[in-house]
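Sharing a structure here in C-alpha cells format.
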Amino acid sequence: MLRLERGSAPLWLRALLPIAAVLITFLLVSLAIWAAGANPLDVFYEMLIKPLSKRTSRLEILVQATPLILTGVAVTYAFAAGYYNIGAEGQLYAGALMGALVGPKLTSVPAFFAIIVMLLAGFLGGVLWALIPALLKVRLKVDEVVTTLLLNSVIVFFISALLNGVWRDPISGWPRSPAIAESAQFPSIISRSRVHLGFILAVLALLSLWWVLKRTRFGLELRASGLGKEAARFMGVPVAKTMLTAALISGGIAGLAGVSEVAGVHYYLIDGLSPGYGYTGIIVATFGGLQALGVAIAGLFLALVDTGALSASRALGIPAYLGDIVQATLLIVTLAVLLLNRYRIVRSKPMRKAP
Amino acid sequence: MDFVIALLGATLRIFTPILLAALGETLIERAGILNLGIEGTMLLSAFSGFVVAQLSGSLWLGLSAALLTGILLCVFMGLLSVTLGLNQHVAGLGITLLASGLALFSFRILYGGSSTPPSLERSFAQLALFKGTALEPIFSQYGITYIALLLVPILGWLLMHTSFGLRLRSVGENPEAADIAGLNVYWVRYQALIVGGALMGLAGAYLSLAQLGAFTHGMVNGRGWVAIAIVIFGNWQPSKVFYGALLFGFLQALQLRLQAQGIPLPYEALLALPYIITIIILALAGRNASYPAALLKAYRREGA
Amino acid sequence: KVFAAYATAIEEPWDGVIHQALLAAQEAGQISYDFSDEIGYSGDMERILREVADEQAPAVIFGDAFGNEEAVRRVAKDYPEIAFVFGSGLGPSEPNLSVFDNWIHEPAYLSGLLAGNLSKSGTIGVVAGYPVPEVNRIVNAFIVGAQEANADADVKVTFINSWFDPAAAKEAALAQVDAGADVLFAERFGVIEAAQEKGLYAFGSMSDQNGLAPDTVVTGPVWHMEPTVQYIIKQVAGGTYTAQDLKDFSMMAKGGASLAPLHGFETSLSADLVEMLQSREQEILTGLYRVPINEEAPK
Amino acid sequence: MPIPFLSIKNLSKRFGSLSANEAISLELYPAEVLALLGENGAGKTTLTKMLYGIYQPDEGELILAGSPVRFRSPADAIRHGIGFVSQHFSLVPSFTVAENVVLGREGSALLNKKVLNDKVRQTAEHFGLALDPTSLIRDLSVGEQQRVEILKSLYRNCQLLILDEPTAVLTPQDVDKLFETLRNLQNQGLSVIIITHKLEEAIAISQRVAVLRLGKLVGVEQTQNTNAKALAKLMVGRDSVPVTRNEQHHQEKTTVLAAKGLTVKDKRGLTTLDNVTLELHAGEVLGIAGVAGNGQTELVDILTGMLKPEKGQVLLAGKTLDLGNTRAFEVAGVGRIPEDRLKGVIADLSVAENLTLEHIPQFSKTGHLNAKAIRQEAENLITTFQIKAKPNDKTRTLSGGNIQKIILARTLSKNPSAVIAAQPTRGLDIGATNFVHEQLLAQKERGAGVLLLSEDLDEVLRLSDRILVIYGGKIVGEFMAAEAELETLGLLMAGSKDVAA
C-alpha cells in the first residue's frame, strides 16, 4: 500500500509539481472554454503558443511581465519574512503617485538624473505607504493583512480625488495627472518595442531577491524570521527589525512597479493604472514558491496568460474574463498541489488485525 | 427633519448588503477563517440569483440560487482552508478572482454583451412599516433589509446562547479543545461557512433581485472589502458590526444626499473614512483586539 | 475587415453603441468584424492594437481612446495603411487617425426641454458617472433644455464617480427625488429603477432604454454610430479615407444622434408639447437652431 | 477475574522509522486505578492518545465490552465512555467553566445558562470537585483548570478516565486533592489510567502498574506485590538506578554568571519569578531542581536573552548583559540550549544554516554570506558532534536527538564561558542522553560554568556540583550535590516549608 507521509518530497517530484498544477488548471479551465463554445485546444494554442511565436508578442510579454515580476518580488520579500503584505497594490499606486508628482518637474534635468529621481521617488512612495501597516504590526501587533488591504482602498480613493480634482487634465478633461517630463520617461531598451527600462528594473529586482535571500546575512535572517519567529529570535535574529525592513523593501519595490508603469508606459498617472498587479503579485510570489527563479518564471508565465487570454478571446470570441479564471484556478491548484511538497510517498504494510 | 428621515431610509438601503455580508463574515471569522472571497462570492451570487430568477420567472428560485451560490463558494473556501489547510489569504483572494471571473464570463456568454443591462420583469417589492407615520420613509424597505435587521440580534443570540454558537466560537478560539471535547472541528467550521455563505448569497441577491432587479458589471463594487473592514470595526460582534455597517451606509447616503442638495463635497474622503476609522480602531485596540484566537490557523490533529 | 478595441466591457453603454453598430454592419454583410474588450487603461491597448495591426492587418480599427490616447496615436502613426477611427476628446491626427465622439447634446437638449415641461416641481435630477467633458456637455445641454422650458427649473446633478455601480446610481437618484426632483435623467444605469419605483418620468441615455421600464422612460438622447461606420466603410472602400473629425456623423443632422422614440408617450403627453418638441427637432436638423456646447463641469 | 472493561490487543504506532508503541496488549478492569510508568519517550502518551482516538494505531485493536471498536476521533472515544485529560490542557480560555464542560454535550440547541451552570455544579459536587461554573478559565489556577478537564470527562459519563502526567504541574496539596478525587471516582466504579514519572505516586494511588520501555510493555504488576526499586528496574532496564553523583568538587569560586533579583509577572499580574538571585561559578555544574511550572521557564528565558524581566539584572564576568537581547547574550559568551529544542532551530532551514545562524556575524563580514566558511563550519560540527545529517538537509527531516546535537554543536563549539542548558535531554533516548551529558561535563572541565535546568531529578543529581531548588518562583534551597539528600530535595521541590535548608 502506498501512503503519504510527512517529510520532504523528492526533488523530481518537487520539480514536477508546478507543471502538474498547470496541467490540472488547464483541464479545469477547459470546462469554461467548452461552455463558451470554443475548443480548449485552440484556446490554449492561441493563449500559450502563438504569442511566443512572434517577436512583437514575445516582447509584449516582457512589457506585461514587468509590473508582475516587480510586484511578485515585492510580495516575496514580505511573505518570505512572514509578513503578509496584501498591500502591494496600494504601494504600487503610492509609487506611481510620487512619480507623477515629481515627474512633471524634471523638465530641465538630464535624463540620467531624472530617471534616478523617478526611481527614488517611486521607491520612497512605496516605502512610505508600507510604513504605516509595518509599524502597526511591529509596534502594536496589528494584523498586517487587514491594514494593508484597507490601505489599498484608501490610496485609490485619494488618487481618484486628485485626478478628479486638482489634476483633471485641462485639455481633454479626462481624469489624469500632468504628463511627466520627457527626460523622466523610461527609454525603450529594445528597438521597435515597448520594452522599457522597467524590465531591466524587474530583472535587477529578481537578482537582488536571489542575492539577498540566498547570499546575504540579511536574507538568511529574513527567511529565518519567516520560517520561525521565536527560534529566529533565539538565534539572535532581530526579528522585528528584519520584518520591518522586509516590509519596507517590499513596499519600495511595489512602488517601483508603480513608477515604472507611469514612466515606462503611460507618462502620467491615471485611475485604473493597475488592473490589480499588486494582487497578481501575490499569485506570482506564491506560484513562484517565494524564490527568485520561481518568481521570474511565474511572472513571465502569468504575463503570457494575461496577454494570451486577450489574444485568444479576440481570435476565438471567448470572453476576456477567461484570463482571470485561468489565473485564479492556477493559484488555487498550485497551492493545493504544493501541499504534496511536504510529503513523501512511502510503501507501507497494510493494517493487520491482531491475532 | 424630512432630510434626516430620508437619509436614514437611504442609509438602511445602502447598508443592507454590507451588513449581510459582514454578518456572514463575522460568523466565518468567529470560527477561525478569514474569508477574503467575499467580494467575488457576492458578485457570483448576485449573478446566479438574477439568471435563475429570469429563466424561471420566480424570484424565490432566484433567491435560492443566490443563497446556494454563496454557500457553495464558502464551502469551496472550506475545502481549501479547512480541509486542505491552505493559506487563507491566498485562498480567499483566489476565490474572489475566480468567482468574479466566472460571473462576468457567464454574463457575457448568456447575455452576449447587451448594452442595456438585462433586467427582471419584477423584482422584490418594498414593504412599508409604520404606514402613515413620519417613520414610513425609513421603513419602506425590501424584505431582505428587515431580515438583515432581524439577523443582528438573532446572530448575536445564536453565537452566545445556542450550542451552535458555543461550538462555533470554540473552534475559532481553540480548535484543539473542541476536538478533544469530541467536536468535529472541520464540520463546525463548515457549518459556519455554510451559514455565512448563505448570508453573503443573500447580500448578492439583495443587489440583483431587490434593489435593482438587474445585473451589470460593478454590481458589488468593493462592498465585500468594506464588509471585511466592518467585521474588524465591529470587534467580531454582530451588534457592533451593525453599527459599523450603519456608519458606512450613513456616510455613503450622506455623500449622495448632500450632492443632491447641491453641496459640493470631497466624496472620496467620506468613502475612505470607514477604512481609516477601522485602521485607527485597530491601532488603538492593538494587541487587545479580540481576534478569534485561531483565526487564520488551519486545524490539524497532531501526529494523525 | 474591421477590428474594434474597447477599453471597457461592451456592456458599458459608450462602447456598447459602437459595438452594436459594427455588429449591424457585419450582419448586413458589409464587413467582417472582430473585437477585444475590457482592455483597460494599463497598457494593454497599445499591445492589442499592434498585434492586430501586424497579424490581421484590418482595413479599419475602431475603438475608444479615452485613457489610452497616446497609445492609440503612437500605433496609428506606425500603421498608416490602416484606418484608425477612435472615440476621443482630442482632434484627429494625420494621416490616418480619425476621431468621433458621442455628440448627443442635441437630443439631450430636447430631452431637457421635455423634462422641464414634464416636471411639476420644477426640480429635475441628473445622475452621471464622472464629470468628464463627454458627460458634461450632455448634462449641460440637458440643463439648457430644461431651463428653456422652465426658467426657474432647478437641475440637480450627482456624479457617482464610477462608470458601473447601479446601486449607488439608484440611491443617488432617490436622494434627488427626496430633494424634490420629479423627473430624472439617467446618464448611468440604476436611475431608471429609482424613477420606476417612485412612479416618475425618466430619460435614458445613449440607447433607447424604454424597454427597461416602458411606463417610466419617456425618451432620451440616443447615439447612433451607424452613420459614422457607414461613412468610414464607404471611404475606405473608395480609397478616399483621410484623418478627420467625424463629429458631424454623431449629430442629429446626419442621423448620428436622435431622440429615442416616444413609445406611446405621444398620446399621453399633451399634443402641444409633442408638437413643440417636433418643431424644435426640425430646427436642429435643418440647422436653424444650434445647441450650445459646454464641456465645463455643471455648477 | 473480573471482566475487563477494555482490552488493548497488539497495539502499535510508528512515527516514521520510530516505533513509539510496539504490540502492546493490556487489559483494563472496572473500578481500578492503573498507573502507567516509563521514562521520557517510552511511549506512554502515544498509547493513551490511541485510546482516545487522537492517534490511529498502525496495527492492533481495541476490544470494549467484548466487541472490537475503532476510535477515529475523540468523539468516538467519548461515545464509548473514555475520558482524557492531556498534559497540556485543552480549554477555551475565554469561555466559562460551564461552557468548557458542556461544549459538545450541550443537551439542547438552546443554551440555558442557568440550567447548565446548575447541572455542571451538581456534577462537580457529586464527584467532589470544587469549581464555580461561572468563572472564566483564564482566571483559574492550574489545579483548578485540571479539575475542569476532569469534570469535562465526568460530565460525558466516562467509564475510563485517562490522565497524562496530571501531577507534574500540581502543588502537593493539589496532588492530594487529585488523588482523593480519583479514589472517589474509583469507588463509583470508574477505571483510571494515570501516567506519572513518580514511582511513589504510582504506588500510592494505583492497584496495578504497567511499565513501558522504548515503546514496549515490559511489565504489569499488582502494586501491592511490587516496590519502587523493582519498578525502577523495569523502567530503565537496569538493576538499580545508579545515581552516580558527581564526586569531583570544584574548588575555585570565580563567578562567571550572576543573576540578581530577577522578577517576572505574567499577563494576569501574578509573580512567576520572585527576586531570584544566583551565581554560577567557573568549572561547575549548577543544577536547578524543581517541579515543572515553578518559574524555570521564565528563568531560562531571561538567561537565554528571550525575556526581559520586570526587575533584576544578569552579569557575565561582572558586566551587565542587555536583557531581552539574544544576540548580546550570545556575543558575550553565554551558550544557550533552549527548553524546547524546536524553538532553538528552524525546521525549514538547512542543517548548515541552523548550525551557523546564531553566529552569523562571523560568517558575513560585509553582510554577504561566506558560503564556503558556512559549509566548512557545518561539516566540522557534523563530524565533531556526530550529527547524522548532511549540511544541506532540511532540519525538519532530522530526529530529535540529532536536532539537539545541532544546538549543542553550535553553542558548545564556541567555548562559551557560561552554558544555560534547559531540559537538554528531554525526549532523547539513552545513547543521545549520554552524549549530551558528556558534552556538558566536557564544558565544565574546560572551565565553563554550566547551569542545568531539568525536570529529571536523577539527571540533576548525576551532573551537578551544586543544586538550587526552585519552588513558586523562588529559590528555596541550596545544596552541594554530594551532600544533598533526596528526601529533603523532594520536600523542598514540593514546597514543604518545614525543611531547614
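Going in written order, the chains are labelled A, B, C and D, and every chain counts its residues from 1.
We adopt the following convention: contacts are C-beta pairs under 8 Å (C-beta built on N, C-alpha and C of every residue); 3 or more make two chains touch, one makes a residue touch a chain.
Computed from a prediction, not measured in an experiment: that's the story for all the values here.
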| item | value |
| --- | --- |
| Taking each chain's C-alpha mean as its centre, the one farthest from subunit A | D |
| Chain centre separation in whole Å, for subunit C relative to subunit B (CA means) | 35 |
| Whole-Å separation of chain centres (CA-atom averages), subunit A against subunit B | 28 |
| Centre distance in Å when subunit B and subunit D are each reduced to the mean of their C-alpha atoms | 46 |
| Centre-to-centre distance between subunit D and subunit C (centres being mean Cα positions), rounded to whole Å | 77 |
| Set of subunit C residues in contact with two or more other chains | 37, 161 |
| Shared-contact residues (touching 2 or more other chains) in subunit B | 104, 108, 268 |
| Residues of subunit D touching at least two other chains | none |
| All chain pairs that touch each other | A-B, A-C, A-D, B-C, B-D |
| Contacting residues of subunit D [partner subunit B, same complex] | 15, 49, 52, 54-56, 73-75, 77-79, 84, 86, 90-95, 99-100, 102-111, 113, 152, 156 |
| In the complex with subunit C, residue positions of subunit B that touch it | 2-3, 6, 10, 13-14, 17, 104, 107-108, 111, 113-117, 119, 126, 137, 207, 211-214, 216-219, 221, 252-253, 256-257, 259-262, 267-268 |
| Of all residues in subunit A, those that touch subunit C in their complex | 54, 56-57, 60, 63-64, 160, 164, 171-176, 194, 261, 265-267, 270-275, 277, 307, 310-311, 313-315, 317, 320-321 |
| For the subunit A and subunit B complex, residues of the former touching the latter | 32, 35-37, 84, 86, 132, 136, 140-143, 145-147, 149-151, 153-154, 157-158, 160-161, 165, 279, 282-283, 286, 319, 321-325, 327-329, 331-332, 335-336, 339 |
| Subunit B to subunit D touching residues, read off their complex | 161-167, 169-170, 173-174, 176-184, 293, 301-304 |
